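In what follows, subunit A forms one complex with subunit B and a second complex with subunit C.
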Partner chain A sequence: MSGASLRKTPYALTGPGVLFFAALLGAPIVMTFLLSLHSYDFTLGIQSDWSLGNYADVLTDSYFHKIFGRTFGLGLLVTVCCILIGVPEAYVLSRLSSRWRSIFLLIVLGPLLIAVVVRTLGWALLFGSTGILSMTAQALGFADAPVSLMFTFTGMTIALVHVLVPFMVIAVWASLQKIDPQSEDAGLSLGASKFTVLRRITLPQAMPGILSGSIIVFALTTSAFATPAIIGGRRMKVVATAAYDEYLGTLNWPLGAAIAVLLLLANVVIIVSFNKFIERRYAKVFE
Partner chain B sequence: MWGPIVSFLRLEALKKEFGDFVAVRDMTLDVARGEFISLLGPSGCGKTTTLQMVAGLLQPTSGRIILDGKDITETPPNKRGLGIVFQSYALFPHMTATENVSFGLEMRGVAKAERIERALAALEQVRLSQFADRYPKDMSGGQRQRVALARALVIEPPVLLLDEPLSNLDAKLREEMRIELRLLQQDIGVTTILVTHDQEEALSMSDRIVVMQHGDVSQTAAPLDLYERPTNTFVSDFVGKTNLLTGKVVAPNTVDVNGTKIEVDTSDIGAGSTVTLSIRPEKFKMSDDSSGQEVRIDAAIFLGASWLYRGTGPLGELFITQPNTGTAGYAKGDKAYLSWPNGALTLFEGTV
Partner chain C sequence: MRKLGPGALIFHAVFVVFILAPLVMVMAVSFTDKGYLSLPTDGLSLRWFYAILDNPAFIDAFWMSTWLGLVSATLAVILAVPAALAIARHKFPGRDVIAAFLLSPLMIPHLVLGVAFLQFYSSIGLGGSFAGLAAAHIILITPYALRLALASATGLSVDAEHAALTLGANKFTVFRKITLPLILPGVAGGWMLSFITSFDELTMSIFVASPSTTTLPVRMYHHITQTIDPLIASVSTVLIVMTVVLMLILDWFYGLDKVFIGKG
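Let's turn to the complex of A and B:
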């Protein structure tokens, strides 16, 4: 093969994929961005002018501040919960014999096998004031009146953690697999207790997995739509449901587009800088 | 060496079973203070299992381990205080060389300043001072190996356990490390147990070698004794190269191999018994005058320091090693005559 055609090969090979994403992901994003620059009139519809008015509206309105704050707060809380549940789960999984491991892996991945709406409606059944949780709490005397987790922050958090924990487990498990089990024996032989080995030897080596799992969970939480829409409803709007309401409720497409673009931007900034931090902190140590 | 051994580390009827499989059957071994012992054998012979039991990483099914008069069989590994160098080195990838070495001192509650001082001294001892701040990933295999050694030695362990420590190094480095490791061990005087499948490694470094097979001890002896006076065909074949010839005792001190009468001390083995003769390839003398056993050379391989021949004759197929004296050796198809000095043959009862 000649030098020139060799140089073209990568472009030829990635071409179809690039075209696919350009047409089906790139173009809609650009169109959404362009849409967000138009203004909207409640009687005349979308105007053909160009302005940053929609962005100014979102950035100065305390109503939207609250929604963005709630979204990223939710992202942070869900991520922390997934770390607290997923890391021990992955550790236990890595210690199981291969037969038990495949059974438990199936259980861990279970939530991902159920359609998002079905799964969330299931939670709605549990959370409602006549749901199992409420009835059990009353029967056991924890509550005097029906309690409901519907349309609450707590409810959204539980439902999102449930579906996102598998991503954390898989990411952490992958990095636990790479650890040389002899390094734990080495820690023991040098006088460390089992707990110290876990804290000083195993956990630091699993850190890249925990951090990449966190990125996945955070990004999926802040952009989640179905779960906040069903469990959170109108009372607990997040950015995704707010954008949806602008589009389909008030029909203010440009404002909805501006909200969507801001969410994308914020996510990209947070994730890229977090990733940079990880690489700086851990690239030196891991191959 | 051959006086009564004052036992510093004693393995007493040590046994390990995994379900139906017996990994180590009945291991009894007395190790003197400062002694370098090698556990030698093919994979699956139980040598690593034995080492792991001494380390405390495996609990023996039965038997006892006694260190300096104290029974440590039930002591957990982090309370035994032994130094271990693992086959994979098992360095902590998220720590620098110094942090790796000082970890054991930290676990012993040594103050930070002293810890770093002693870690640097240990790295100095293995000639790695200039790599103190490197992470394992930025070091070569030989350097990682020496960090692992420094990490095991810095805690001043009563016993140093080495699990195939040189097997991941290339041949040249491996030979250098053998010498370096042995000198360091003698210098410090630390009692050492080495697990290896490499007979050259065991022969070159040990005070005594324990040859193991299928969970049993085949023979325990000093390197030269083991090589010159193996007590069974497994040892004679596994340690060094050898030619094994099957024959029958036809008269006192005479064995018939394929119709050729060979003179050898048969001691009290009766006539008619089947025996196996072992002779090392380098014990043969080769000459052109027709005195001795005739062979036809069917392969001649030049190894630099020596020649390796394969010859076929009335005795069967024989491997012969001759030192390179600077002149051309025999070529394929040449005829040669073999003789050997008294005592070059070792006799075993039975067949291989």
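Let's turn to the complex of A and C:
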């Protein structure tokens, strides 16, 4: 192989993928951005003018404030819940014997491969007023009448935690894997209590995993569609379901495009800045 | 290794129940002998599984999703493997940018991809076509295929390939006989993960699929928003069983933990 052809090789190998992505990912995203700059008339359709009117509408309308606020709050709440239950579970998994661990990893991670519609349907069945949770609450005397978590914020939160907590478990588990067990033994033999070892040795080393798990969970919650659409319904709209309604309900594509662009920007900004933060922070710790 | 206390084990048991509860619920309801949603307390029945056979809409959607998954996972792997080899084994200007570009769909909400494809396809006359839907799925799943191929290609020794080239094998023979077998677990794992991701995808497909290209999750979503009945539970049960089988295969030859580490 000559030097020139060797230099061209990587471009020849990545070329098909890059061209395909440029045509079928780059172009549609750019077009959506351009569409968001057009105005929409309910009788005449999409206009050919250019303005930031759609963004002004979204950013000033209290209806959208509520939806964006609810989505952001949901993202925070789901992330916190995932930390509270996912981190201890990852710790338990890392302490199990290897045979039990491989079984439970399968149980905890497996649901990620099962369609979100199916997992959400399970919660819809549990939440309904004839569902098992309602009956249990009545049988135990927590409720007098049938209760339903369908179309509630609480119901949406529980279902989303279920859908996304495996991402937290796997991220934390991956960073617990890297811990040298001798550092914990050293702490114990030097007289630290188990709790101190957990707090001062294990937890700080699991932190990169907790942070990257949090960012994944937060990003996926704020852009989730299926679970909020089925459990939240029309009463509990979030950004994704609101954009869906603009596109396929009222057919105001430019406004829907503006919502989609804002959602994309928020996602990219949050993910990129968070990754930068983690890199900076942990570059210092491990120097 | 230190033992776990009883508190930790109780927590673990509750967590596992939480994870399995909705799936068990779906499966239990699908075996009801009643005509409405209920747990099979009086007796088990397969009537709702037979009912699937009377619903061609679900059967057609199942085959559409299967066909779509096969086509798009295969094409995604064909795009991803050469790119992974270049990124893992060559240093070249623009390498990081190209890698970030090919992985970027992981950062884009599926809803945004969906609306972008909806508008793009309707403006170029591909609206509602199978080709358009497949192309959208390829964009969505290529990052998964690429990540797993990258993981196997990174750190691969080039000695065997150089030896074969020196002995007169052509580049394609070297790839087929040496490189591909070495990275095969990653390629096959990537293909399977891509297939499952494509098969399960809802949010993007809901915008791109037309009545003639309705995928199973889209069909199920529209059914659930109208009515939740034992039929949708039995369809879901079939899907759960199928996914579990694929998952066990994937775990057996690649490792489920490796598949998901770094996913996001």
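The criterion applied here is as follows: the second predicted complex is superposed on the first by the 266 of 287 C-alpha atoms of A that agree within 3 Å, B and C clash if a C-alpha of one lies under 4 Å from a C-alpha of the other, contacts with A are read in each partner's own complex, and residues count from 1 in each chain.
In the analysis below, a contact is a pair of C-beta atoms (placed from the backbone, for glycine too) under 8 Å apart; a residue touches a chain by one contact, two chains touch by 3 or more.
The shown structure was predicted, so the numbers you read here are calculated from the model rather than taken from an experiment.
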Contacts of A:13 with subunit B and subunit C, given as first, second, both or neither: second
First, second, both or neither for A:37, with subunit B first and subunit C second: neither
First (subunit B), second (subunit C), both or neither touched by A:278: neither
Which of subunit B and subunit C A:137 touches, first, second, both or neither: neither
Touched partner set for A:198, first subunit B, second subunit C, both or neither: neither
Subunit B versus subunit C as contact partner of A:190, first or second or both or neither: first
First (subunit B), second (subunit C), both or neither touched by A:113: second
Touching partner for A:76 - first (subunit B), second (subunit C), both, neither: neither
Comparison of subunit B and subunit C by subunit A residues contacted: C
Of subunit B, residues touching subunit A in the complex: 55-57, 76-84, 86-88, 90-94, 103-104, 107-108, 135, 137, 151-152, 155
For the subunit A and subunit C complex, residues of the former touching the latter: 1, 7, 9-11, 13-14, 16-18, 20-21, 24-25, 27-29, 31-32, 35, 85, 88-89, 91-92, 95-97, 104-126, 128, 130, 132, 159, 162, 165-167, 170-171, 173-174, 181, 212, 215-216, 219-220, 223, 225-226, 229-230, 240, 243-244, 247-248, 253, 256-257, 260-261, 263-264, 267-268, 271
Complex interface listing, subunit C residues touching subunit A: 1-2, 4, 8-9, 11-12, 15-16, 18-26, 29, 37-39, 79-80, 82-83, 85-87, 90, 92, 95, 98, 101-102, 104-105, 107-113, 115-120, 123, 135-136, 138-139, 142, 146, 165, 196, 199-200, 202-203, 206-207, 216-217, 220-221, 224-225, 228, 232-233, 236, 239-240, 243-244, 246-248, 250-251, 256-257, 260-264
Touch list for subunit A against partner subunit B, complex: 180, 182-183, 185-194, 196, 200-201, 204-205, 207, 282, 284-287
